[in-house]
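So that you can tell them apart, the chains are marked A, B, C, D, E, F, G and H in the order they are listed, and the count of residues begins at 1 in each.
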Amino acid sequence: MAKGKVEIRKESCKNCGYCVKYCPKNVLEIGMEVNSKGYLYVTAARPEDCIGCAQCGIMCPDAAIEVYRED
Amino acid sequence: MAKGKVEIRKESCKNCGYCVKYCPKNVLEIGMEVNSKGYLYVTAARPEDCIGCAQCGIMCPDAAIEVYRED
Amino acid sequence: MMKKVYARTTGIQDKVSGFCPGCMHGTVHKMIGEVAEELGIMDRLVRAEGVGCCGLGQNYVSYDTTISPHGRACAMATGMKRSNPDSIIYTYQGDGDLASIGLAETMHAANRNENITVIFINNGIYGMTGGQMAPTTLLGMKSTTTPEGRDPEKGQGYPMHMCEILNQLTGPYYLERTTCTDPAHVRKTKAAIKKAFQNQIDGKGFSMVEIVTSCPTNWGMTPLKAVDFINSDMLKEYPLGVFRDRSKEEKEAE
Amino acid sequence: MMKKVYARTTGIQDKVSGFCPGCMHGTVHKMIGEVAEELGIMDRLVRAEGVGCCGLGQNYVSYDTTISPHGRACAMATGMKRSNPDSIIYTYQGDGDLASIGLAETMHAANRNENITVIFINNGIYGMTGGQMAPTTLLGMKSTTTPEGRDPEKGQGYPMHMCEILNQLTGPYYLERTTCTDPAHVRKTKAAIKKAFQNQIDGKGFSMVEIVTSCPTNWGMTPLKAVDFINSDMLKEYPLGVFRDRSKEEKEAE
Amino acid sequence: MARIFMKGCEANAESAVRAGCRFFAGYPITPQNEIPEYFARRLPEVGGNFVQGESEVASVNMLYGSAQTGTRSMSSSSSTGISLYSEGISFMASARIPAVVVNVVRGGPGIGAIQPAQQDYLQATKASGNGGFRMIVLAPSTVQECVDMVYEAFDLAERDDNPVLILADGVLGTMMEPVELPEMKSDEEVAALKAKYYEKAIVGHPITDRKLGVPGSVGTGQEIRNIEAAAMYKTWDKDIRCEEYMTEDAEIILASYGISARISKAAVKDLRAEGIKAGLIRPITVSPFPYDVFKNLDFDRVKGILDVEMSIPAQMKWDVEYAVQDRLPIHECLRSGGQIMTKEKVMEEAHALVKEVL
Amino acid sequence: MARIFMKGCEANAESAVRAGCRFFAGYPITPQNEIPEYFARRLPEVGGNFVQGESEVASVNMLYGSAQTGTRSMSSSSSTGISLYSEGISFMASARIPAVVVNVVRGGPGIGAIQPAQQDYLQATKASGNGGFRMIVLAPSTVQECVDMVYEAFDLAERDDNPVLILADGVLGTMMEPVELPEMKSDEEVAALKAKYYEKAIVGHPITDRKLGVPGSVGTGQEIRNIEAAAMYKTWDKDIRCEEYMTEDAEIILASYGISARISKAAVKDLRAEGIKAGLIRPITVSPFPYDVFKNLDFDRVKGILDVEMSIPAQMKWDVEYAVQDRLPIHECLRSGGQIMTKEKVMEEAHALVKEVL
Amino acid sequence: MERDLIAAGFGGQGVMMFGTLLAQGTTDATDKQVTYFPSYGAEMRGGTANCYVAISDDAIGAPVMDQVDDLVIFNDASLEKFIGKLKKGGTLFLNTSIVKTRPDRDDITIVEAPVTEMALEMGNAKVLNIIMLGVYVGYSQVIDKEVILKAIEHKIGAKRPQLVPLNNEAFEKGLEIGKAARK
Amino acid sequence: MERDLIAAGFGGQGVMMFGTLLAQGTTDATDKQVTYFPSYGAEMRGGTANCYVAISDDAIGAPVMDQVDDLVIFNDASLEKFIGKLKKGGTLFLNTSIVKTRPDRDDITIVEAPVTEMALEMGNAKVLNIIMLGVYVGYSQVIDKEVILKAIEHKIGAKRPQLVPLNNEAFEKGLEIGKAARK
């Protein structure tokens, strides 16, 4: 089971790609759906690989990602 | 005979004392007369000692002294 | 049980920011909130905002905010801090704001060692007005007012290094330049911001954190390309580091 | 036959200056005229005057002169020089003018390496307005706005070193600090002024000569005592020297 | 109360301190240097802050910053320096921040002359910056009035959430006169004033009670704010103040404010002594202007107006014309550029008017 | 002449270049950024100089410096930036230096809103700085007029030795329209203009012909200079320009300038179509203001005036009242803070006026 | 006769280019009066963008109108904001790829086109505005199609000539839809 | 009754102190209205300095007057500048150590005193203004001598108490001359 989990506020995502690039486990991907601001937003394509390192959250300029980790 | 000569524009003199202090031959002195601006102006008290080195002229902020030297 | 290890700071409201995709203004806003939480100063925090994309943060952050005329944030912060010494006052300014129109205000506040914190976003260009040359624009970089690239031979001047310049003043207490190009640097930036606020809490005086960031929109790059450009070009002109840290000097003197 | 070895320069009119007794503003005005004669630029010379006792020179010098709003001489000179490149433009500014209200204009003109000459009279105080604190006022020095002596602990800041600060910019071509406390230093100052104008003639760019002078009136000293104070106190804070000379660098590079 | 012999500038500053002013930022400029210099000595004694700004632009923004904390705050400058305040004053008016600004007017335009003048009337009353905002502008004519008006100005500013301008001049700034000073507000009173302002202050709240200082808005916000401000300006009718001296039966009226009005008043006395039925209308608030006092003149009795100001071209005359329209000839009695109005000059122009209209 | 589809700001700048403008200094501010940006590209092509000032204060003083050489020089800004020009403009007016300044007005006061407004009317026409100086202020209402007025402004400035202000707004700055551009002055013509100015220039003389730029004077000098300036302002009666549209038989008059006037004109057409006898008075020079056009209205026929401006509170209304006095009701039709006047709004307010007075 | 239009969408959807091409083309090819007014928010990206175009035989009054003949809408937010400004009997052009809601009015004509999808199909998401321009011209017949083709040449060709064929094609595609909707 | 005075000389001759002592003293010791207005040139030193003092039982109008009752003159330039402002029948007080010219008027009274020389004799050139103040008060009797002695105590004594005796002595010396001239 995944050791971590990301929660993405899709309305806040602006498709900059930072989280995708800096995720060490390649968990995230830009999705195919558009939010109400017109951006294709990020989704966790491989949630099971998430280790909860929070690199994505730290990098996200729009505070779109919150991160959880196994206690 | 003196090797140099100073010409003092008495109206320009403001009695700062720079020329008196920096004259290496102690030629100049603050006189006892007042110019139309109310300043006691400088005079050449010992003109015969003047060597025309122009130190006084250089120091005078008010361009009150012109200096001549034996050619 | 999962524990939240990275939470959205209460320093920003439940809104979507007005910043462009990938703009690091957002990153810095977030960090300021996190630092305020960690230092327990959120309820004392006050922002004196410069004019520019900075200003897009006014309805995004969650604490007292006030808008200064372009460039005058440090003067405004001076008045605020002098009259409300218990508030924790920071200015948030772009390069046009802090280094062009506001140069005198910035430097004199630093020289007075005003007990304020200055967050300086150096993205090398005027953001909000649409990409004009900033004092920090790199040589050769195109902008709408240097359409052929900034060229000192044309009287367009040279990149200005604010940390280095302020470091010529006796006043400032702490000056550091950081960036946000990867998680490690974001963490470093946050540590610098934290230090800058801690100094104010301790009554030490003027602290400035200069953060080298991107303006993907006016650089005409994708956010990721813009990050590469920071690494390849901006940081060459603007080396990272601590330029002044009187707390270190004080310690050494002990 | 006696030959005139020191003549009143044609750079000043046949008038008595408005400066106080012993004020070195007069000395510098004289030297600028002498330099203009020696370089043969008297008929091309234009003065962009700062506001302050500087302004007392406007009806004293004999060439084109124009008065800028307080602090803006470098901006005005920029416009003049750009539009009349054949004129030799110099600004003449006090420390309040150049370093306080005009700090941004001074630094940005330097950063653009505008082809102008800046004569900066650092007398550590506001002259004309009656002795208020200047950015260059020494610590502990009394002024009408620091009645107990300038004290950084009271948020009154530190003396600002303009040569050193401008030296942080890539732009300027030549920066030197001199004084006028004795004939040898007056000669050195004149040489510096001459160099600064020669640079402009040669199209080299921004040159500033900072001259540490006295304001006997607002220092509350006789002129001679004020000279002693320059030597004993001012020069400690403001060391003389050449801070930037690109012509040297150019020669070395040859 | 004891009379104290004080310079106008210093009396201004002392009165502000007594009103609870605890912050002053300003930059030297003649003829108001004694205001910052006085505050520099005085504010530390009462726990306040004096800052010598690096410029007028910095100073007005320090003022703006301090005023947002609810601390009574003031600044002063003169003419060309006040031009540099334009943006800051406009911001304060837009953000509805109370503060007191004193303009000790000197000769203008430009750098003008350091001597006294009344050359900034239209700037003060019509447009002290961009955006069409307005301010209450008080025009003292004695040092005592400087004292009283500065003291009151803070209350007006806080009542309206708007900056207030004192339009003085170089004579009032540099002359000395005996004055009675108002009472000194206690530390508790000063603290209470600040506490009372807390809800409106921009600085000093927890995030649950977050405040935003707004000198501008997007969307329809700015229009709404302008409508509110315009409505507030309309309430100023009640604040109009005007001195009428010997106007009941006057056949010629001298219209004048500030230092010129005082001189005009002396002239009215002399004219009356000569048997000429002269009177004086002195706007005390030059903004809002007492248009009605002029509109309600008995145009059958009054035969002419002499506009007396130290400005060329005439400026207040414009407001007088606005009210009087073409119903009366309005002559000018002007000095300018640092030349001070004298009673003799007023008498001369008054005689010329009398000759023409009576 | 060929029609070119151009943005107002760019048309402004191109027209200036064609008029011989060879120096521009300015600082970015919306909605006039395209003016400096255009000059940045264009001036180097014609051997001119563009400088991005470090601020508005620096820019206006670069302008002041350049203008003193006799080089046709211009600057532009918007609202809050224009406030920062106050001191510099006042200096130029005092020193009698010709220059052209464009204000592309946005919402105010303070930082206001970046959207179009007409909120700077009183500042532009009554007090663009300290000291009571005046300027000719031209108010275009189409992009073509921007072009024509900028071209002419340099001549006016040089004729009077005084700065001239173009009072535009954000709509005119950002909209695109087809325009015909005036002819490009040749290099020889540009050089001749500068040569002609040599005697008045402050920069560029041998010591035998020394010039002193004087934005102020001691002694009686400043008063004399103010008297001369005041006399010059009086010559402006001949420069008053005003468009009257369908006023001959009008029973209600719309009074409006600039962009609002254009919209009002469309409304007048629609009102006429409805059978309402409406007309438009559009001041083209807002300073000097065409008071006489209003004074000479047939007050028996005309029943009311609708003042249409994008400003709250109303500003031009003040000038209209000055002329019309109490003889007619003057209604307001106002938008503000970046909200743009629409024909529909004008129609609505016009109907309300008609209902009340007709 | 004056014909007024508002086009509105997100920043980045090419709304302004839609308006300029129409206005520029009309200026170049006709004697008509034309005004084009762009309106942005303070944000550089992601805010709303809209523009006003008026084309008329006589002098144009207001370059910004409260009531227009045609409304071209690229997203839902803009529909909500501007639907009230469409005159009775006016025409609403909708990018149905994005706009999910429909206005509650029966006094207008709606012309629909999934221009985002069509653009993606053409391999360049950016040409959605050009397709919509085709739809608009095809339906409204306010000007000849050549006018726009020339404007494309002029405005787009100047900087990126390689994109001209793609844009022409996009325009033609839209034109077909527009013409078809006329019937 | 209002009595107006102008005192004028070089900067540095203590003209302003002359005026302030008179005005301050009168304020402290009487109920009269008093105004004092100083006027300088732009120069800090060496320029001209003059001041206006009005003392009156009623409210004072102009603090700067064109016509005064008394004129106190310390140098020639000031005499030339201000003699026209002395009313018919007024009194001119002259520092004859410096002022060499005499006015061409026979409608005024002249009170002469070589105050610069007297001050030098007393060993402090600076007290010349205080001597002149003595002359003025002694002659005009506009206020009691105690008023000025108190003012000296108050203004000079506050900062440099050691100078009070010298100033008092200077004042008395002037007073004698003034009184003598009355006769």
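Methods note: a contact is a pair of C-beta atoms (placed from the backbone, for glycine too) under 8 Å apart; a residue touches a chain by one contact, two chains touch by 3 or more.
Quantities reported herein were computed from a predicted structural model and do not represent experimental measurements.
*Asks:* Going chain by chain, each one touching the next, work out the least steps from chain A to chain E.
*Replies:* 2
*Asks:* Chains in contact with chain B and with chain F: which ones?
*Replies:* D
*Asks:* With one step meaning two chains touch, work out the least steps from chain B to chain H.
*Replies:* 1
*Asks:* Between B-D and E-H, which chain pair shares more contacting C-beta pairs?
*Replies:* The greater number of contacts lies at B-D.
*Asks:* What whole-number Å value describes the gap between the mean CA coordinates of chain F and chain G?
*Replies:* The separation of the two C-alpha centroids amounts to 34 Å.
*Asks:* Which whole number of Å gives the spacing of the CA centres of chain G and chain H?
*Replies:* The answer is 85 Å.
*Asks:* Where the CA atoms of chain B average out and where those of chain E average out, how many Å apart are those spots?
*Replies:* It comes to 53 Å between the two C-alpha centres.
*Asks:* What whole-number Å value describes the gap between the mean CA coordinates of chain B and chain C?
*Replies:* 59
*Asks:* Which positions in chain D are in touch with at least two other chains?
*Replies:* In chain D, the residues touching two or more other chains are 19-21, 67, 69, 82, 100-101, 103-104, 108, 112, 128, 130, 135, 155-156.
*Asks:* Can you list the residues of chain A that touch 2 or more other chains?
*Replies:* 14, 37, 39
*Asks:* Multi-chain contacts in chain E: which residues touch at least two other chains?
*Replies:* Correct list: 49, 51, 54-55, 57, 80, 87, 91, 95, 110-111, 114, 215-216, 218.
*Asks:* If I apply the definition of touch given earlier, which pairs of chains qualify?
*Replies:* All chain pairs meeting the touch criterion are A-C, A-G, B-D, B-H, C-D, C-E, C-F, C-G, D-E, D-F, D-H, E-F, E-H, F-G.
*Asks:* Over in the complex, which chain D residues touch chain C? Could you list them?
*Replies:* 82, 100-104, 107-108, 111-114, 135, 152, 155-161, 164-165, 167-171
*Asks:* Of all residues in chain D, which touch chain B in the complex?
*Replies:* 1-9, 12, 16-17, 19-27, 30, 182-183, 186-187, 216, 222-224, 227
*Asks:* Under the touch definition given earlier, write down the residues of chain A that touch chain C in their complex.
*Replies:* Residues in contact with chain C: 4-5, 9, 11-12, 14-18, 21-22, 37, 39, 52, 54-55, 57-63, 65-71.
*Asks:* Where on chain G is chain C touching in the complex?
*Replies:* Residues 41-47.
*Asks:* For chain F, which residues count as touching chain C in their complex?
*Replies:* 27-30, 33, 36-37, 40-41, 44, 49-52, 54-56, 80, 110-111
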